[in-house]
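Two complexes are shown next, each including subunit A; its partner changes from subunit B in the first to subunit C in the second.
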Partner chain A sequence: MKIIKNLFDSLRPSFEEGGKFERYYTAFEAIETFAFVPNHVTHDGAHIKDAIDLKRTMFLVIVATIPALLFGMWNTGHQHFLAVGELVGLGEGLIDKFIFGALKVMPIVIVSYGVGLGVEFAMAVYKRHSVEEGFLVSGMLIPLIMPVEVPLWMVAVATIFAVVIGKEVFGGTGMNILNPALTARAFLFFAYPTKMSGNLVWVSTESKATVDGYSGETLLAQSINSSTDYIDQAGTAYGSVSDTLMAAFMGWVPGSIGETSTLAILIGGGLLLFTGIGSWRIMLSFFLGGLSMSYLFNLWGANPFMEVNPLLQLCMGGFMFGMVFMATDPVSAAQTNMGKWIYGFLAGLLGIMIRVFNPAYPEGIMMGILFMNVMAPLIDHYVVEASINRRMKRVTVTT
Partner chain B sequence: MSTEVKTASAAAVIKEPSEPLFSKKNKLLLTDPLNDSNPITVQVLGICSALAITVQVKQALVMSISVLAVMIGGNWIISLIRNIIPSRIRIIVQLVVVASLVILVDQVLKAYVYDVSKALSVFVGLIITNCIIMGRLEAFALANKPWPSILDAIGNAMGYAWILIAVAVVREAFGSGSIMGFKFIPDAWLITNGGFYAHNNMMILPPMALIVVGIIIWIQRAKNTALIEEH
Partner chain C sequence: MSKTVKIRKGANINLKGSAEKKTTEAALSETFAIKPTDFHGMVPKMLVKVGDEVKAGTPLFYDKSNDRIKFVSPVSGEVAEIVRGAKRRILEVRVLADKTQKLIECSPIDISGMEAAQVCDVLMDGGLWPFIKRRPYDIIANPTEAPKSIFVSGFDSAPLGADIAYLLDGRETDFQNGINALAKMTAGKVHVNALVSDSSFISKTKNAQVNTFSGPHPAGTVGVQIHHIDPIAKGDVVWTVDPQAVAMIGRYLNTGKADFSKTIALVGSEVNDPQYLKVISGTNMKSILGGRIADGDTRIICGNVLSGLQVSADGYLGFFNNVVSVIPEGRDSQFIGWIAPNFHKFSLSHSYFSWLMPGKKYNLNTNTNGEGRAFVMSGQYEDVLPMDVYPVHLLKAIMTNDLDKMEGLGIYEVAPEDLALCEFACTSKTDVQSWVRKGLDMAMEELG
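Now for the complex of A and B:
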């Protein structure tokens, strides 16, 4: 610890005013404050005394994504070996599967962070403000919502788009209207649909021969045709809805890297709730919104997708991931407490609605959250207005 | 049509009789709309056509030339008859003039570049409602002599054209891997042919045109700080 501190202290003069690398002070400062809690003191105005700052908030969110990331790595390997018919059992070849997955997933994480932080640093040096921490979380969320077979250059393009168009044009961290990670995914979804949807992108087969009956379909894709006969990747049918539900809850199904396991996501969500970083109002109302829409569709029952068991509906696809990590983004979500309830409920409801009504957009959750991100300021506005009106009635004018 | 346009060019109203053809004032009529009062990026007019027909450079080029022709004709004719138009029915007169010119242009396009004319479909007809044209007629041609009106038309049409073509170059290059139909990305590179590259489908969709126009506005304002409004 002492050594690192000394290193920073010895480097500092060349970055400060008049030093050799004065222009890059912001980059230096960013790395220094990342390593140590800064010793700046607020001088005036109201301020909050708290040990936690933005960097450490972000760090906790990253910790919360670790279960999903680790499980995603294992599942990537598991799906691969299922598809080629080796190590079919869940317990078999734990290390092999994990290493295979890690080798697939890590490059995406590295590209996402490398490109995103590169853009952030370049922007900070160019605009001469301090580097903002917003990308630390986005950089981790982007890989988790990508299909494993996505080409790395697409991840890079999407990351640049998300940081520049999704965030920097609005003024940087804290000013963005849309969730940057979802912006990246939506961009890829519309820009390169062949690599973001369909049956060929969720499982990496490495061009090996696959087992008979293998399709690579996600559970969502299967739901379009049937609400009961789900088939796993080895080609055998799940016995019952509860078996399917178990697989979807535990996460050994094909899907984007980090979103398959509801359990792993909920562990992360628990951490977010425990530390108070994620809003329980948004998570709960999001869940209720999705659940009520699923029940409504059950009652309607016009096609197999509508008849899907509500719990299964919520465990499939990105619903849980969206609920825990995307909808709760403190910047793009609604700010008022009442607004959070409305925002979360409608986001969950719209997500399921888009997913079921338009099977061409199987990931309706992404659309639902992005749509409500846009609406969040409007919701807040009316919540605040209503509150003002309510209080105004109580005002007694004394003249 | 809108009030901004009126204030933007209320300056050149009455001129000295013996002014040189390319006086400083007249030159400004040509150059100003290219940057400082660009119809698309500053006045935000004519956006619909900018979004709709910028998928390919060829379409954007033909559209720009059509608008240029209609604007020059319209501004010139309206300026010639500006003193005999009763002001209460001036909009109808303007519409008649512009509509006749648009029909002419449409027929020419159908005769000589039929495929582009088909691709542009209704947007040639919709030149009639292009706010830039009506705006210039209303704000400039009605109050100025024919020669400055023609210069103003050329200036504004060029300001419209360069944005259109810039957007179209970006969209065609990334969306189809070609410029003016010339493919610079070999087919063998495409993922469908076993390569690594894929065309950006979003570039084909209208929202991307909006984003590209936005980026142009962003760059323009960064360079030309006089455009940034006070808050």
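Now for the complex of A and C:
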């Protein structure tokens, strides 16, 4: 530790005012505070401070994404081997599948972090503010919501878009209106729809011959035609809806890298709730919103997609991932407790509504959350206005 | 009549070094000082020069906005120095104390037949008026205003807070006398707020409405109590008086003597033997700390660790303080401290392990535990502020100079200390209390 500390101490003068690299002080500071909690002390006011800071907070969110990331790596391999008809058993070739998936997923993670942090540092140096930790989480979330076949250059472009347009133009971490990771995904979705949707992007086949009956369709895409008959990537039909539900809950189905396993996501969600970093109000109301919309569609029942079992509806696609990691982003969500209930409920409800109604693409969680991100300040506004009105009623007019 | 309030939001921070219930008389300090900076917004006008002889109770300076509000010397002696800061602002008026205090003839003051205005005059002449503060703005009360009620918090819920009943032990009649005087000055009620568990004289106070509170800090903060008992709306004025000040007012009326002796709690992990000390207001810290604190880099705080003021080891005790806290400075940088499990650190969030050990006492230092950031997390302030106030929105209104919003969001109801726990809890390390103060100053200037 002493050696590292001395290294920083010896480098600092050249970054400080008057030093050779004065311009790059914020970059130096970011790396130094990453290694050492700074020796800043309080002034008047609260002389002691809570041990938590933004680095710790963001770090815990990253830890919460690890189950989904690891499962996503295995599942990428599993789906590949299913499609090409090798190692089709769930227990077979655990290591092979994991290594295959890791080799597919890690480059996306590296590109996302490399490009994103690069832009963050450049922005910090340019705007002379300290490098903020928000991207540590965005950098992990972006790969998890990408299809595995997304080209790396697109990940890079989307990340730049998310950081610059999604965040920095508003003033940086804490100021953005939209969730940066979802901004990245929405950008790719509208700019390069063929690479972000359809049946070719979810499973990496590496141009190998696929098994008979292979379609590459996700469960969501299959729901358009039937709410009861689903097949897996090997072309085998699931025995019943509850078998399908099991597969969707455990996550051995095709989909975006980190979004498939409800179980892995809920483990992460449990950590977020346990540490109090994720809002339980948003998660619960989001779930209830999605569930009630699914039941409503069941009652309506105009097409197979509406008839999908509500639990299956919520375990498919990005619903759970959106609930745990996207809707709960404290910056883009509603900030008042009452507002969180409304925001979460409507985001879940709209997500399922758009998923079922959208004729072009069988998913809508991203749009539901982004829409409610935009609406969140409005919800807060009315909640706060209500408080102001309560206070104003107490004023007694004396003449 | 009397109300019972259960506070649910908030938090108690268990620190090492709470005061043992024993009282020692501190040595008479060589010099004493009255610090105009203790009275926010007050501009002092000097009445004495360096070298003047003063007695205990001789006015040293007065408030520029009201020349009847005088600030008196707590001891007899000679004006030693007038310490000035930037723009010649007066920071301290120091008095070199006589080795043997000169006593002046005095007789009890009977207020039973007096009107409110006469009681005010008595307190202003005795130099006790500055103890009375007003909300909104948390500044010295204006004697020409009629407060709708007067609040006295009978317990200190802050970390390492003093036991008020012990602090005032033996001064029960003084306290009751002080309450009687306060009751003269308002057409409304005097509210004395005690803990539910309180069985001391405080909860038996007469001539006042005794309300009981339970729950964590900031339940003992007078602003929180006002909010739950008799909230301040625009145009309302409420006065607040510290319980020890009530007893000092009562003693003055009982004896007529300018006696500014009081009991304080010397607390904190860096204090060798945390206990109560008998001192005289404005005493030099040396007589309080001498031989009683550990060596090393320490932070000396007049007041509690959440909202007190930092003083140097040869500074002076503040006018309102019942507590002096001494904690270690935190000038070391911890290697990847944001990842480490850190069992010794305390957090209200569950991101450290402190919440699993609710009984454990902590030795917290002054490290900020991270750098300042923009607001990111939400709901943290609300969890520790038991008021119908949206603290983050209020702070944002202050930061953007939006007076209408500040008014609507409750700027009149808060004082910096009410939001001290928000500042403690903040992930983004925002200086909540100094922003609240700026907001109050702005509102005071623009809205009056």
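Methods note: the second predicted complex is superposed on the first by the 383 of 399 C-alpha atoms of A that agree within 3 Å, B and C clash if a C-alpha of one lies under 4 Å from a C-alpha of the other, contacts with A are read in each partner's own complex, and residues count from 1 in each chain.
As a working rule, a residue touches a chain if its C-beta (ideal position, glycine included) is under 8 Å from a C-beta of that chain, and two chains touch if they have at least 3 such contacts.
Remember, it's a predicted structure, so these values are computed and weren't measured experimentally.
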(request) Look at where subunit B and subunit C land on subunit A after superposing the complexes, then choose clash or fit. (result) fit
(request) Identify the partner contact of A:D243: answer first if only subunit B is touched, second if only subunit C is, both if each is, neither if none is. (result) neither
(message) Quick check for you: in the superposed arrangement, does A:E92 touch first (subunit B), second (subunit C), both or neither?
(response) neither
(request) Figure out whether A:V169 sits in contact with subunit B (first) or subunit C (second), or with both, or with neither. (result) first
(message) Taking the superposition on A as described, I'd like to know which of subunit B and subunit C A:A191 touches: first, second, both or neither.
(response) first
(request) Return first, second, both or neither, reflecting whether A:E16 touches subunit B, subunit C, both chains, or no partner chain. (result) neither
(message) With both complexes overlaid on chain A, does A:W153 touch subunit B (first), subunit C (second), both or neither?
(response) first
(request) With both structures superposed, pick whichever of subunit B and subunit C touches the larger number of subunit A residues. (result) C
(message) Just checking: does A:V331 make contact with subunit B only, subunit C only, both, or neither of them? Give me first, second, both or neither.
(response) second
(message) Considering the aligned complexes, could you tell me the closest Cα pair distance between subunit B and subunit C in angstrom?
(response) 9
(request) Across the two complexes, find the residues of subunit A that touch subunit B and also touch subunit C. (result) none
(message) Which residues of subunit A touch subunit C once you look at their complex with the stated criterion?
(response) 1, 4-5, 33-57, 59-60, 130, 132-134, 171-175, 274-277, 279, 330-331, 333, 335-337, 340, 380, 384, 387-388, 390-392, 394-396, 398
(request) Mind listing the subunit C positions that touch subunit A in their complex? (result) 13, 15, 159, 231, 233-235, 299, 301, 305-310, 325, 327, 329-339, 342, 345-352, 354, 364-371, 373-379, 382, 388-390, 392-393, 405, 408-410, 416, 420, 423-429, 431-434
(request) In the complex, go through subunit B and note every residue touching subunit A. (result) 191-192, 196, 198, 200-203, 205, 211, 214-215, 218
(message) Which residues of subunit A touch subunit B once you look at their complex with the stated criterion?
(response) 151, 153-154, 157, 165, 169, 187, 190-195
